[in-house]
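The two complexes that follow have chain A in common; it is paired with chain B in the first and with chain C in the second.
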Partner chain A sequence: MSDRMGAEIDGVQTKIWRWASSNAIWVVLALLFAIAALLSDAFLRPVYIFNVVRQAAPVGIAAIGVTLVMILGGVDLSVGAVISLTAVLTAVLMDGQVANIPLAVTVALAAGACIGGINGTLIAYNRISPFILTLGMAVVVTGMTQIYSGGTARGIVSPGFREFFNYRIGGIVPVLALTFLGLALLGVRLQQTTKFCRNLYLIGSNPQAAELSGLPVKRITIFAYALSGLMGAMAGIALLARSGVSSTFAGRGLEFDVLAAVILGGTTFQGGRGGIGGTIAAVFVLLIAFNLVNIVGLDYNAQLIVKGAIIIIASSAYIYFKKVR
Partner chain B sequence: MLLEIKGLTKRFPGVLALEGVDFTAEAGEVHALVGANGAGKSTLMNLLSGVFRPTEGEIAIDGKSVQLSSPGVAVSCGVSTVYQEFSSIPQLTVAQNIFLGREPCGKSGILSHKKMCADARAILDKYNLGLDETSLVEELSVANLQLVEIARALSVESRILILDEPTAVLSLPEQENLFRIIEQLKQQGMLILYVSHRMEEIFSISDRVTVLRDGRKIDTVRTADISPADIIRMMIGHDIIQSSGLAAAAGGEPILEVKFKDSRRGFKVIKGEILGVAGLVGAGRTRLARKLIGLEGNDEMDIILHGKKVNPGSPQDAIQHGIVYLTENRKYDGLFANLSVLKNTTASALERFSSFGFLQQKNEREAGTEILDRLHLVASSVDVPINELSGGNQQKAIFGRALLCNPSVLICDEPTRGVDVGAKEEIYQLLVGLAEQGVAIIFISSEMKELFAAAHRLLVLHEGDIVEDLPTDQLTEEKVLQAATGTLN
Partner chain C sequence: MRSPFTSLLSSKYGIIVLLGLTVLFAFIFVPEFGTVNNLTNIAIQSAPLAILAIGQTVVIIAGLIDLSVGMLLGLIVVIIADLMQGESSMTVVAILAALGLGGGVGMINGLLNNLLRIHPLILTFGMLSILQGLIFVYTDRSVGQVSSEFSWMANGTVIGVPFAIILLMFVALLTSFLLYKTRLGAHIFAVGGGEEQARRAGIMTGRVKIWAFIISGVSAGVAGMLVAGRLGTGYPNAGVGYELDAIVAVVLGGTSLAGGRGSILGTIAAVFVLGVASNILNLMEISSFVQIFVKGLIVVIAILLNQPKRIIAS
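Take a look at the complex of A and B:
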């Protein structure tokens, strides 16, 4: 009885806080977009907006996978290296022939999933810190990429590959942007409806309780990291489709953009909370912020400072929210 | 009088842990503090060592009233404590640990390693502790670790030394060494407060014994004037309920049978029976439960369910066999604290609510809500985070999680811990009801009263062994406590 009354007295307030702490990123996105539109009318032109979406695709797709791993209470720092590897792998296997596209894409996706699966297996069975393990894996994969490519951008993208992904439906929406949005929506939907995603939240919330409750902790861990690797590979292919050039360092540093977006979106290192929706919003927040800095006329290095500052401020704000509650 | 305590009371929200305890002890005395689980020994100890502050009452040392407002203040008043869990730092040397936080410095503020080692050596020699001050603590045995803790206590010129269950981790020769040291400290005029529930030790080293029960002091007596049986009687109180237990379930078929391979006693749980498991803290009750569900290795036993050996390899395996464990530590490995009540309830049964990997959320919600209603869980909605509920309601949600697995054996470890009186009563009724429906129940508890009220049979553990296994109506609290303290003849 006392519970029921207590819950009703502070119900409204807690509801507001709960809503604010889980949706704050959307508020920030709306505010930032309004500011951007005031500063530059480019932000009101659909073509430009979808350009931003297309620009966001590689980081955004990778961030979907990393979000899953972080809900589980882990992290995946190897995703940048996986992007580099799979971009190079796809380009080299394509070798300028249209007929090679299916093979190239399949091998790249398999490689990504495989690297993720190894991450997951080692974490599930050896209890290595995911931070250290995936960092080490990033170094290994970077080395493999260099050896495989001989250190130069030697792949040739098949004709039609770039053109397909950059084709603007109705003259406005690039296929790549649409693919990214489709994956994001699919992710949000599956996150609410699948047993796998429920298990992610349960394990991330309390791994000991999850084990005691009989959840398949190891299997879920392996599968989550494999998915993160797979999404990393898709991001690599997306990056190749966007730029058309298979630099051996294409994905270098992207893991930090990915991590920044995931954390800013409310999926913290704590595990068991957050979700793909917040991550996607955060990807756009970061991207719009950088574009704004660009438009205002600051150079790349100044952009870095803004990027770091946003991450720090957002994380502090999150802690503050938690304390107030 | 070295130590004088008057009217000491400690109130926690909802619990009176210590109530008006008066107590005196002299220099050069070994004074034992005894009591069953929850009698208030730990609270008294924590008040003396400055961990808790008293709600009421006074502590005087050498006739001067003192406010032991923090562990640091307690130490400077001459009260040192050696806890069961050691606090030394493994990577440092014995000398560094002894002077942790009080390292001797030269005038310039730079540590004087030489002086520290010399001072440490002096202490170790003075009390014959037989340790090398330069060895690394991580390389020491548990017994020597304890000696480091004692040396640290002695290095601050303590006059009162509190030892909390000091022999729990020691072998027999190590115990004798410890007793020799205690004897020496006593000769030098130190007061030793010896917290223990092991009768043999109390009778071999203590001069006087103070018995606590339900937060109150029962009596202080000279050890020489009393027998172990007297102490046990004081620990349970004079209102011993003779054979108030339930009659054993009438000859049902055994659901669970456990046989130890090295011919130690095994046990059975019969259909419709509640098997109570009693024992003091550290007797191995939780460990037994963890073995039954495969969370710890169970090679030394055969776990036979419905006549078939199962020996689960993991909790997942155990749940599939129908053996479900309810943790004693909800916060640590029970609750998914930030997730909703519903998600907490259905966590173990997601298989039932999904097809092709997709959750059938309507089914899940219906089944979860139904079980929670049956358990009379009170919450504004099943969608609020579970950490917003009271302890009793959290426990009900976890019960719901177990029940959704359709258990044939339900192991409840301290299911009424941190739960208010009303919810406790509901939990007992629930257990009885489940037993009637044919679920075999293993009910681990530290509260003798609830074991006698709800269990048909009692298993008593002492240092990991089963020392008693009888229908409750053939047992008394006295007998159980004797078995649990290892003084049963």
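Take a look at the complex of A and C:
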């Protein structure tokens, strides 16, 4: 079918299709944004746009880490649980004191990296499915959070913490949005320049070959999962900064939102392909879609239906652009 | 280096051995465990998940996954309870509605999977969200009431054996027959083992995948009938989390997420390991928070013991 279409359209169009197919998710994002802007003027106001970016921060930050793990050919379903744990941990350790912020943030980040490190170690030294191991780990971490929090929202956020992250620079850009964009750009940059990220692609596309050619596959695997846990912890802190919610279920189900974004962004379960750029675009595709539903004025229940439909339609559109050449 | 014990645990029968050990432990250390009442309770509580997990086993053997079953179960519970309103005359209609709705949504999953060619995890996650929305658009509180026949299906016994268990055995035998004795079953294994090869061998892979999703949907229908019978009413959150429990059970039972191999018996054993463990913790009066933690540990340890490379199913 692609051959027939290629013959029928002229050179310029072919070029456009080529470009579209290799940047499919950005095309979908642009289309969706255009639709959004047509439906509501709000999408043209910088304050609103950066609000969307701020809103995207927790899922987006976690998705950066999960993208790395998935390039490696793994997956991390424990991020939702890590987000909850670190949100609770940060809030409890802060205990309403500004002086406690550094300690709280450090401990939360360490906890996230540690859980990720355990995931990575178990996966590197055993031939187990990362899907199911991290699913099990999610249950373990949720249990720990429940025990720690006593099942209710606990902890007092320090004064100034949320104010700082939600402060709008120049009245427009919230610090949290800027942090997220900074992490995303850093991720994209590191992905293009570091040996570690190149090795992730190598291991993902052919683990045996990587092992045989002497790459430290185990060490890279452990490090990638630790990084995913660390990003999960950052997402937990971001969630706390954004919403102030610190309960066991703050991050419940977010792992699937993260996973939807990563896969939509072009990183596959097989590994070796994709990247952080696509993931970030996909995070925005999903979020603009949800905001759109909100603006059109549907209630939360109808939003769920549309959310599901958008996930399916956007993924299909992505695959369509990818195939047409 | 491995002792005979650990190699037995990590063999194909590992999960069944683990079930035996868990039950043995319970009989010795928890006196209340062995009472008929308690055993009946475990059976009744585990049956819906076991049935759901059997359907999930089929989907996973076919190399797919179905995250939508939990919410599908929830939707079925709400709709059949609302249909019946406690009337016995509506029992048959409700049964047909449960099976039809389950099979129908499964078929939609299968058709969309073939048409759109997106990853089944994403497709069925989207469907999960859609079904959750549908449930809450339908109702945000418990509606309807099940007929007395439904209550009996979920809680009643036939000469001492819970009917739910008889239903579970029927579903297990039927699915095993389908998987191991029919052409469709052979095709499901073939598609999961390598779709491209299966296609080249002349198997209509698209049709096989639709059937796998239909089987999963119907299993959600049957499980939904039991859950509705146990709850007595259409509770909108009835299905929350069932999909993940089902997937955990399938994998613990020795079915590979990569597809192409798997075991119904293993899946059922895994459901009962989790059910018995949860029951023991309940009887020992351990808080539900600690229970979640322990459940996760069991999953992680069982997975580590039961490494995929050692599982050679069927």
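Here, the second predicted complex is superposed on the first by the 287 of 325 C-alpha atoms of A that agree within 3 Å, B and C clash if a C-alpha of one lies under 4 Å from a C-alpha of the other, contacts with A are read in each partner's own complex, and residues count from 1 in each chain.
Heads up, the rule we're going with is that a residue touches a chain if its C-beta (ideal position, glycine included) is under 8 Å from a C-beta of that chain, and two chains touch if they have at least 3 such contacts.
Bear in mind the structure is a predicted one, so any value in this text is a computation, not a measurement.
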{"item": "More chain A residues in contact - chain B or chain C", "value": "C"}
{"item": "Partner chain(s) touched by A:175 [first = chain B, second = chain C, both, neither]", "value": "neither"}
{"item": "Touched partner set for A:114, first chain B, second chain C, both or neither", "value": "neither"}
{"item": "Partner chain in contact with A:202 - chain B first, chain C second, else both or neither", "value": "first"}
{"item": "Partner chain in contact with A:308 - chain B first, chain C second, else both or neither", "value": "second"}
{"item": "Contacts of A:138 with chain B and chain C, given as first, second, both or neither", "value": "second"}
{"item": "Contacts of A:259 with chain B and chain C, given as first, second, both or neither", "value": "second"}
{"item": "Which of chain B and chain C A:129 touches, first, second, both or neither", "value": "second"}
{"item": "Contact set on chain A toward chain B in their complex", "value": "1-4, 7-8, 11, 14, 193-196, 198-199, 201-202, 205-206, 208-216, 272-273"}
{"item": "Chain A contact footprint on chain C (complex, rising order)", "value": "67, 112, 116-119, 121-123, 125-134, 136-137, 140, 244, 247-248, 251, 256-258, 287-297, 299-300, 303-304, 307-309"}
{"item": "Residue ranges of chain B touching chain A (in the complex, touch as defined)", "value": "293, 295, 314-316, 318-320, 325, 327, 332-339, 343, 347-348, 350-351, 354, 357-359, 361, 378-381, 384, 388-390, 393, 401, 405"}
{"item": "Chain A residues touching chain C - in the complex, by the definition given at the top", "value": "122, 126-129, 131-133, 135-144, 146-147, 150-151, 256, 259-260, 263-264, 268-269, 300-312, 315-316, 319"}
